[in-house]
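Structure, as structure tokens:
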Amino acid sequence: MPNQPDLQLWLIPVFPLIGAFLNGTLGRNWSKGLIAGVAIGASALSFVWVVKTLSALGQLDTAHVERYFTWIASGDLNVGFDLAVDRLSSVMLLVVTGVGTLIHVYAVGYMDHDKGFWRFFSYLNLFLFFMLILVLAQNFLLLFVGWEGVGLCSYLLIGFYFLEKYAGDAAKKAFVVNRVGDFGFSLAMLLMVVQFGSLDMTKVFTAAKAMPVEAQSGILTAIALLLVVGACGKSAQVPLYVWLPDAMAGPTPVSALIHAATMVTAGVYVVARSSEVFLKAPLAMEVVAVIGLLTAVVAALIGTAQNDIKKVFAYSTVSQLGYMFVGLGVGAFSAGIFHVVTHAFFKALLFLGAGSVIHALHGEQDLARMGGLRSKIPITYWTLMAAALAIAGVWPFAGFHSKDAILLAAHAHAPWMFWVGVVTAGLTAFYVFRAIFLCFFGEYRGHAHPHESPAIMYMPLVILALLSVAGGYLPIMDWIAPLFPEAHEAHDMTLVLISVGFGLAGILAAYYVYVLKPGTAEASAARLGGLYRAIANKFYVDEAYDAAIVHPLEQGSRAVLLHGVEQVVVEGGLKGTVAMVRGFGGLFRHLQGGNIRSYAVYALLGAVVFLGLMVAKGGSQ
Amino acid sequence: MNFFLISLIKTGIVAGAFMTTLAYLQWIERKVLAHIQSRLGPYRVGPHGLLQPLADVLKLTTKEGFVPSHVNVFFYVLAPFLAVLFALISICVIPFGPSVEILGVKTDLGLADLNIGVLFVLAISSVGVYGIALGGWASNNKYSLMGGLRSSAQMISYELPMAIALVSPLLLLNDLSLRTIVNEQAGYYLGVIPKWSILQMPFPQVFSFLIFLISAFAETNRVPFDLPEAENELVAGFHTEYSSLNFAAFFMAEYANMVTVTCMATVLFLGGWHPLWPAEYGSDYAPFALLAAGSAMLLFHGIVQPVRGRKWDRYSMPVAGLVFGALSLLFLLPALKPVLVPVFWFVAKAGVLLFLFIWIRGTLPRFRYDQLMNFTWKFLFPVAIVNLLITALAVALQGPKG
Amino acid sequence: MPQLTAVPLSWYLILSAILFALGIAGFVFRRNVITVFMSIELMLNAVNLSFVAFSHQLRQVDGQIYTFFVMVVAAAEAAVGLAIILTVFKNRQTLTIDEVSSLKN
Amino acid sequence: MDLIFFLLFASIAVGCGISLVVQKHPIASALSLIGVMGSLAVLYLLLGAEFIAAVQLIVYAGAIMVLFVFVIMLLNAAEEAPSRKTNWPSRLLGVPLLAVFVALLAYLFDKMSPSLGTVTFGAFTTGGKQIGRSLFNNYLLPFEVTSVLVLIAILGAIVLARKEID
């Protein structure tokens, strides 16, 4: 791209990389202040650089691409190390670096007493690096690098307290489940190479644009669906969402940054990025929408019955991601991305607030042992309240705008989706406020001595709170809308009112159940009986997986391999085989005499044969 | 054909001179040592033992070449041969004087002029180890083996500082051909200070000269580094088992190495054949003056005021005086002058260095083995490298030669 | 007489081939570790010869550079290899490679 | 003239090579290897590679082989004992294979030789200057890397060969 100014895009990811490197190598014997300085400095620097770049790029009507060097050149496949910024990625960049920086700051306070301080910040910076690569990548392979990289970092950070078993298990779970998705993603890439002979996004998308819309299914649908599989893994959609709740084993800032704000939205980002492909594959779009809806409902239901505050928010994350998928699926890409942004604000805020609560209660995470903290930790309370209102989609908070955009699009696409969405919205409001009320209202049910978090922790809270109050008015949709050919629905007031109404209804219900008449919850739970138990046990999904996949694998392998193959085939065939192998091996045993000299002789033999061929070919030249 | 003829003649001359030097070097050494230890030294054979070398050669040749029964004969015989060979070869690249014209024939003083003379000398001296090592090993005798091992270790170890010390003047003179190197050192600062690389700007090579000398002592197994033949530890080291001509070969090799090394030092550091002070101050007449003075002294002591000594001195000394006078007159002949004067200067410098060798042998005690190794590896080598770096820096700062 | 003064390049190559073959022979037939090692050095030398020959033919200095590198690496290799041989000898008092096979079987 | 020199030293090289293989005593082999190297150095001179020739002597003959001889002396390596285990592939295949190998190569080179041209002394001479220039411009990185390699090798040799001082 000669005509474009060289803006040193590569600096954006490199800053965190340097930070990660410094902290990772030297941090061990640095003072906490220095480590924090390096980490925050790195992320802040890249944030500044993003801002500078964007301001330099101005309107950014066409993507700004910078090609650095050819990474892989094999045959006609040529993968370069290219970074690009367009309106979509610019939004993501701002979110990642901005929220990331805030969370870094917060983490300094949160992790203060941790021995792994340097390790933590090194990982965090590394994560930022990979995430930025993911966002900036101009071809799918590079994107995949970032994709895997963030997976790695999330693994490292979930398992940060690797001394506890549950952390290790959760990390492993996340990693394995993500592998499933990554498998789909890599297959998608292979298909692209086969189909378009390139992984460069502009090439692929222009090629896809040229192709006709596939009524039934076709190569594009295949690619799209495989991408969806990948996205499901990364963005914790049904059926691959199970890892996300467990991922809360990591430190809370991690949950906020990786498992709420940035990484989990990578799937959404990828789908939006390959909108060209999806628009040609309506089937895939449909699948996305349904998956999203299903996820939203299921997660919301489960969320109502969780007692671990972080788990609650985790499930709400899952269901919000579901919302985003609905948005994408019904073709409202900009709405989906918009929701990504607002969600990043209020969900990060929710987690950080939860973290601050946990911090205040010295690591207590059970809602049953909280309550009445409103007066004890007011700042946390108010900020959390803002976040809760935002997620409940109450006007004028951030969540309202994005969620409504999605719901309107859904209605335009298929009314039943709208209604399901609205109900889910009500559920969301209900269980989020359930958490809030259980945590802050009533009288304190714990034994610790709550204390407000230090300034370094609640400053980010405040900032995020402001964002989640006013974030809805950011002109993000108008900014990225031109990227996507989508019909803008007329702003239907009734629908808006309906959704808001459901939200408020959910809040009120929660208030009634958990504040006015404590105990009704248990009663209703008793009344619901089996359903409630099912919900409380997350619909036995994990057990189902155990029963359906893990256990059969074990049993099956034992049955088939041990009793079947081993004892029948192997034992039976062994005799004959052994005899055969003996005879055969007797021939070749001397070739493997472990005597290097004879190996040399064989090499010589090879050389002679080769020369003989040359002579036979008469090939002197 | 002409070329071959001239080369042949030159080779003959050089070889003859070289051999005689070797023979008489030994006489000189014994004399000097004797006088350092206030003895008289060889005195019987010929006037002041002047014929002593001849006698020695006779003795060594007529001795029985005894080959012990327990040795590995082939290598036992091969070793001294190798030693002498490698000791003598490197003389053939040493330039003794400028290219001159004798009887209408234009030629260089010196046998050959390789483009890589310095490297050649280094290579030969690095191969020179084999003679001693093999000798020590072939003797099949633990003392000899120890001597051989020691000497090979010592030589390898001192190769490095020597080579590095050689490199730094090369940086100043930036060529590998010895003749060019000497030419590079022509001229005088302020009209008087010679431009030898030991004094040459930007960084005088005093240190590398010292390092070179020290490692030269080790290379030639001279005191204080003569461990391979440390009598009180290893009988006579690697040539314990050698006798007659084989022994003589080793002996000769040692002296040949000395001469070669001193020649190298002269060429590389002391400006080869360039006189100590410029010709306009009459440096060309220095040899004449020196020899004339010598002859005058001899005549005086022989005729006017004979010292108490052998009565033959009454006759031998005047004769020697006359010979000296004749020689000194040779240096005045315009035909021979351009040839002889540079050679004289070259020989004079080499001679001084040789005297230094002998002098030190008479003065210093022997090193202990560990001291020897520590000295080279922990002191000499680093110093040489530092010196090289400084030189390189200086040259780089000075920029390319105009 | 030009054909007397000029040597065909192929002769150099053939020479290097012969030397290489000799190296292989040493490597294959000898049992003394040190000798085997020396045969390897011989092979390296043979290769060097062809390098230099080609650099002469192509009028390029690169071949000689490669030779230079080969020498340096050979030096390093010799240092380490001989050290290994010393250690092996220290531990099992033999230089016959066939007897240094405790890792086999 | 060239031809004479070439034939002379080539034959010396081959002879020494053969003796390296057939000599029973390590020292003898070592010396014959030195002979090969020396004659190769002369051949390098004929090829106009003066610097390489010198380095060949200094590094190979002067350093590496000295090391070999040194070790042989140190271990006081005796003549080779006839081996107990015969490895038949090398016995059977070895010699004929080598013969075929050389024959084929010779044939190929001979076929190629018109296109390869001839070597005349002085046609292309490279002293230290060209080598140095090329080494420190085009081949700077390999050079540095090699130096590191050598350093590592030194360390390794020391670690391997030192006596365990407890």
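Should a chain be cited, it is by its letter among A, B, C and D, assigned in written order, with residues numbered from 1 in that chain.
Convention: a contact is a pair of C-beta atoms (placed from the backbone, for glycine too) under 8 Å apart; a residue touches a chain by one contact, two chains touch by 3 or more.
Fair warning: this is a prediction, and the values are worked out from it, not measured in the lab.
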item: Between B-D and C-D, the pair with more C-beta contacts; value: C-D
item: Distance between the centres, which are taken as Cα means, of chain D and chain C, whole angstrom; value: 5
item: For chain B paired with chain C, centre-to-centre distance based on mean C-alpha positions, whole Å; value: 37
item: Computed distance of Cα centres, chain B from chain A, in Å; value: 81
item: Distance between the centres, which are taken as Cα means, of chain D and chain B, whole angstrom; value: 32
item: Multi-chain contact sites of chain B, meaning residues that touch two or more partners; value: none
item: Multi-partner residues of chain A (each touching 2 or more other chains); value: 595, 597, 600-601, 604
item: Where chain D touches two or more other chains at once, by residue number; value: 51, 55, 63, 74, 90, 94, 98, 101, 105, 112
item: Touching chain combinations (by label order); value: A-C, A-D, B-D, C-D
item: Touch list for chain D against partner chain A, complex; value: 87-90, 93-94, 97-98, 100-101, 104-105, 107-108, 111-112, 115
item: Chain C residues touching chain D - in the complex, by the definition given at the top; value: 4-15, 17-19, 21-26, 28-32, 34-35, 37-39, 41-42, 45, 48-49, 52-53, 55-57, 59, 61-62, 64-65, 67-69, 71-80, 82-87, 89, 95-96, 98
item: Parts of chain D lying in touch with chain C, wherever the complex brings them together; value: 1-3, 6, 10, 13-14, 17-18, 20-21, 26, 29-30, 33, 36-37, 40, 43-44, 46-49, 51-52, 55-56, 59-60, 63-64, 67-68, 71-72, 74-75, 77, 80-81, 83-85, 90, 94-95, 98, 101-102, 105-106, 109-110, 112-113, 116-121, 123-124, 126, 130-131, 134-135, 138-139, 142, 146, 149-150, 152-154, 156-158, 160-161
item: Chain A-touching residues of chain C, taken from the complex the two chains share; value: 24, 27-29, 97-98, 101, 104-105
item: Chain A residues touching chain D - in the complex, by the definition given at the top; value: 590-591, 593, 595, 597-598, 600-602, 604-605, 607-608, 611-612, 614-615, 620-621
